[in-house]
């Protein structure tokens, strides 16, 4: 009941936005809200089901974004010729060295000999790798750096990027999980946070991969371009029959296209999450979250399950990341900030109600709505505050000037108020 | 001579900056670690508490300067510090009363407090900017250097300079003093022990007659003081800019965690681990090696292990590695 | 400690059997008893307490628990009967909806636990009863948190009672064995030097030799005038030393009487003491 | 009926300290026009601010979306940072057919972005600045420098351009090391750069961000004593803060000498803000150009006025300086032609971006001293 | 049969288990007693894979199981309870039991999406079984209560109940009796004997209640200071001077004679 009421509330908020601001704004919020909901679902799986404190959401989202580039952009021909093969070779070599090191570490008996041979392997491996890699990278990055300077992608339809984004994130999660999942709570948190920073550092600095901070813009789209629609007489006619301006209609049509795609993904993910949670699998996960020692003693392989859920949740984050980059139409690594891509998602999960999938979805939609709307809200707040002051007073001027900073202030205030009235989240776990 | 030149280079570009930065992180991390250790949550508002405290100090400093007060070579801000601390304590206590207490009484799980502290962070963030604006503020006066690079060169006759800033020296001394005091307080005094007892088992603390509100209040007072001191020292050394203080949050958390959450000694150690790993791994060792190695062995390249592009990533990689070998940090923190 | 040693033998008490669990008011045990405390009632009484956890259903139904100075009162009963709940209610750790808690005649129903400590009460809960990250010695110190005088002598007494703790004084209590922890917990409460000592299953998990020590010591403590209220599953031994025994069933007083009487009662033996 | 113009800048976020001035500049142009009677026969322009956050593409798009579809703006002055600018252009401006003029997005990549003729900028692409900077060094006989740049599209693009130009002139780059803005400490970067050596350090960053931190760290440790400064580093505040530490340093800044700039400086000072803060001039020009183009087209629809932007900005026509916007509107209303000079001598070339001239300056005695205009 | 050979477990310099060797015969109910801190729980934890041993081996039916993780031991039929109850506190009492059996098809994600009918069937059976166990332990009225809200003794019962959900070979009980009402405890004792006789479970139990031990256990092993002090029938143990001195104390003797 409460669930339905709250979802209705969000619906009404969005309708109001549509009526008082514009339907385009409302749809824009819905689209990002849907993506946020998926992201929140991913985090909720890790935290709400299994108690894994992943604060590296940003990293997985970014990997999803990378997938969008790698899948969607056309390959840069000259770049492949210049050194694409060699880069792949270098990377494969690097991976082989690491695998060899792990093999040695496992096979040899501990002692000075092992340490030395490991060290030797790694040092030699590193030098050779850099030799192979650096030259190739330089060559690739030299190909028209202002425009390309990277390898490009596969030139496939961008929708393929979504599963690929999930896979990429899952792969990263596997590696991270194998190494760091032994850590408890806050220690795992900071490790994932660190790893996310590393992912972003790679995206920012490996220009051959995705142009680094120079950004990739103009990603292909899964939906038609507004301009094309505006020029399509059929469409214009149809718009007119609804009494709509073709420009407005076109951008709404495009947004609705995204909405449909995102909604479809959300429904599938949600169904899978719900089915899993309501089954013995979900019960087992809750048991593990409650008491790992006891779960282990009851025959549950805690490590494996943690890894499983970590990979799954991260894959969902990667999926959402790819969707987001698709919606943006561009990859801008420097825009990946922990505040926006990790902590805000956490706010969504907790405000929504951790452990509850519907809560996560609600939190995603609601918090995103607020994140966008606190700007005018903050402005309003300041006008309200300063309305009593005499026109032209220095304080009033100062207050109005600071209005922009009320954005985060308002966000904080709203957050605190919501949590005060729903400390276990809006839709608590059972 | 060559050896000395090499040594001075090393000191000037590695040891001194890393130590000072490490100490800055450490004092910040102490605040974080204390909240974690006693109130049991990761306080995201700490960076912005530091910013707020620094702002208070700056405003008082300006006031003092306007009155014509100055301390000679020592920055006036130090005189303003006690006032700043008072203001910060006030803010933090009010926050506790209005915000955190509600959740404490409800015994909510720690993550919720983490999220609540994010809300507080946003509010402080707006507050600071509302009062002093988002801009850079310089407020250090007095002598900037204890030893400046140029003076050192003339004095020693070496090719390389060595610089030590007043603020760096103050920071290092403060860090050591504060951690010693805190360690003593928590482990030797009755109040300190009762705070640890409270964090360990709240109900049982109650049964021993320990007043929770008192413990919490003392904790916040200390934390606010630490935040104010850390922020001010940092601002003196670099400059004050609210946005940077938010950015400091990550390395501060990293430091607190590598050291072992809840452990004051750990916070100090963590600060240095983070600072040193950043500097050492990305330092181009060529210059030092040129002085120290015979000519035949002189390196061709820069002898830089990793480019500074990855500076931030490096410190986090170190952190992850440390945690893999010591899963609850260097000083065995809590795993809640 | 200034309480006079009270006569433990000459008491005329018989088993009172309540009509049904949670039913009508039972005859309150203290009414049969000659007045021993200063103002007429027992030193500590949880009188007709009704209440439960948070917003949940009531666990206690008109439950009355009392202890007089220098006396040992023992509560027994099946698991989940509400014994621990009754103790917590007396100590102010949950809301008592009906009834009252009085200490030396003074109504303390609305006092917070830490205020009750200041009034001379001490409590060892059944679980989570040590500070796991504090050393054994610090645990004991925390027991004496409100005391202003020199605590070293008391600490020595505790160490004499539980010698193993002396060896482990610097070790975090969380690293102790189950029985050792239990000893720390009791030691912590003794450090308070209370007038009323409340123990929730103090002997759970301690070895026979320590258990005997503990019971001996409890008698000794009571002789100095301290009132002792405890829950026990080692019911036979406990009732042997008890002045008053309470059998709780489903949150109500089922039987009340002297320890010996309860031990002699067949019903009680069979249903609650293991034959 | 008012004409609405959006001003999208990062009022919060990493460049929050320069955006207020940029916003004020743009509003200065707007109010100047309004005082002179507005455009299109007395329609007043209403400037509406929105927050681009500089880094959060999604939030920036949402803000732009709201400006256009809810507030009904018909032109956008902004955005500021190249990343969000690209996002707004592709996802909001183009679909809705609204023109935008960015005062400060300087990434070379934006030259090639698909824009349906709707995107312009009053700042030159960094490709050009890199060349100018290299020439300056060469003319001073400097052969080896260390480079540090802010790690974003602007810094990276500028340093790429500079390095390739400098190396083409046989210069040596000892080490090129990025720095992140807003970080706590730059000793690691300075350590590495100092060790690599070089007769000067080229700082291609922001004057109140990492760029400042780098200079501070270099001065404090005595690593470098001469700096070559990119456009983002031009700031009185910086020189004031560093004391005599910057004496002997030099740099370039998109500039225009002459009446236009001076007129703007006077206006800004009268309005009470610092005209020399980064991108204030460009912001004024961007807002002015939008208004003038509307007047020239006689319409507030971008479909009509977008082609007029280049026309009013470039010759032929009567030269228009800051402070003469009223006059310009009158000329246009009378069917005349103007060549908007503005605060930066705007001349739009190629895909609608400023050609830009640069001022080479020295810092001496705590002030800037022009060496020449390139 | 479990064979522990020269097992050590040290904490820093402290030898909690100090060269213990013992055997637990298949089909027996072996009692393990000893003073507080003798190393009994530590020994259990090492056998059950919670703590790695410092040295020494543990064999189960001829197979070396030293250091295997607990979940693998569970699959080999080795179960244990905890001295300090480890319930899943936010789950209901019934769920606490239903989660125990391994190999539930509903624990595989794939099945939760595509084989829902099979899962439903299994769940019905589990539910029935769980309810039976709860009834036996007299806490069936609490089946939908959060396990965290149980009383101290009830949690102990739940610990025991979990071992009754599956077919085990050997069950290690760490003071299940502490805090359990005596009347109920003897019912539990009967159940243990029945499981032992009818289903062939082997039990090894730590307990301080000598009467309870006496009723069930043969043989009884006494540990002290990390080593085995004595082994024998309950009467032998009670008569052993060393054991009396270290563990039983004279009080017991007095009481028995009294």
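Read from first to last, the chains carry the letters A, B, C, D and E; within each, the first residue is number 1.
Note that in this section contacts are C-beta pairs under 8 Å (C-beta built on N, C-alpha and C of every residue); 3 or more make two chains touch, one makes a residue touch a chain.
Please read all numbers here as calculations on a predicted model, not as lab measurements.
Enquirer: Would you mind naming the chains that touch subunit A and likewise touch subunit C?
Expert: Common contact partners of subunit A and subunit C, which must touch each of the two, are B, E.
Enquirer: Note the shortest touch-path length, in steps, from subunit A to subunit E.
Expert: So the least number of steps between the two chains is 1.
Enquirer: What chain is the most remote from subunit D, judged by the mean position of CA atoms in each chain?
Expert: Farthest chain from subunit D, going by C-alpha centroids: C.
Enquirer: Centroid of subunit B to centroid of subunit E, CA atoms only: how many Å?
Expert: So the centroids are 49 Å from each other.
Enquirer: Measuring centre to centre with CA averages, how many angstrom lie between subunit C and subunit D?
Expert: Subunit C and subunit D have C-alpha centres separated by 78 Å.
Enquirer: Give the residues of subunit B that touch two or more other chains, as numbers and ranges in rising order.
Expert: 134, 307, 309, 312
Enquirer: Out of subunit A, which residues touch more than one other chain, so two or more?
Expert: Residues 204-205, 405, 407-408.
Enquirer: Quick one: which residues in subunit C touch 2 or more of the other chains?
Expert: In subunit C, no residue touches two or more other chains.
Enquirer: Show me, using the given definition of touch, all chain pairs that touch one another.
Expert: The list of touching pairs comes to A-B, A-D, A-E, B-C, B-D, C-E.
Enquirer: For subunit E, which residues count as touching subunit A in their complex?
Expert: 48, 50, 69-71, 74-75, 79-80, 82, 86-91, 95-96, 98-100, 102, 104, 106-109, 111-113, 116, 119, 122-123, 162
Enquirer: Considering the complex alone, what residue numbers of subunit C touch subunit E?
Expert: By the definition above, subunit C touches subunit E via 53, 56, 77-85, 126-127, 164, 175-180, 182-183, 200-201, 204-213, 216, 233-237, 270-275.
Enquirer: With touch defined as at the start, can you tell me which subunit D residues reach subunit B in the complex?
Expert: On the subunit D side, the touching residues are 12-14, 16-17, 151, 175, 177-180, 182-185, 187-197, 208, 212-213, 216-217, 220-223, 237, 241.
Enquirer: Can you check the complex and tell me which residues of subunit A touch subunit E?
Expert: Its residues touching subunit E are 272, 275-276, 279-284, 286-287, 290-291, 293-302, 308, 312.
Enquirer: Within the complex, which stretch of subunit B touches subunit A?
Expert: Result: residues 36, 42, 44, 99, 102-103, 106, 108, 111-112, 114-116, 118-123, 125-127, 129-130, 133-134, 246, 250, 253-254, 257-258, 261, 307, 309-310, 312-313, 316-317, 319-320, 323-324, 327-329, 333, 335-336 of subunit B touch subunit A.
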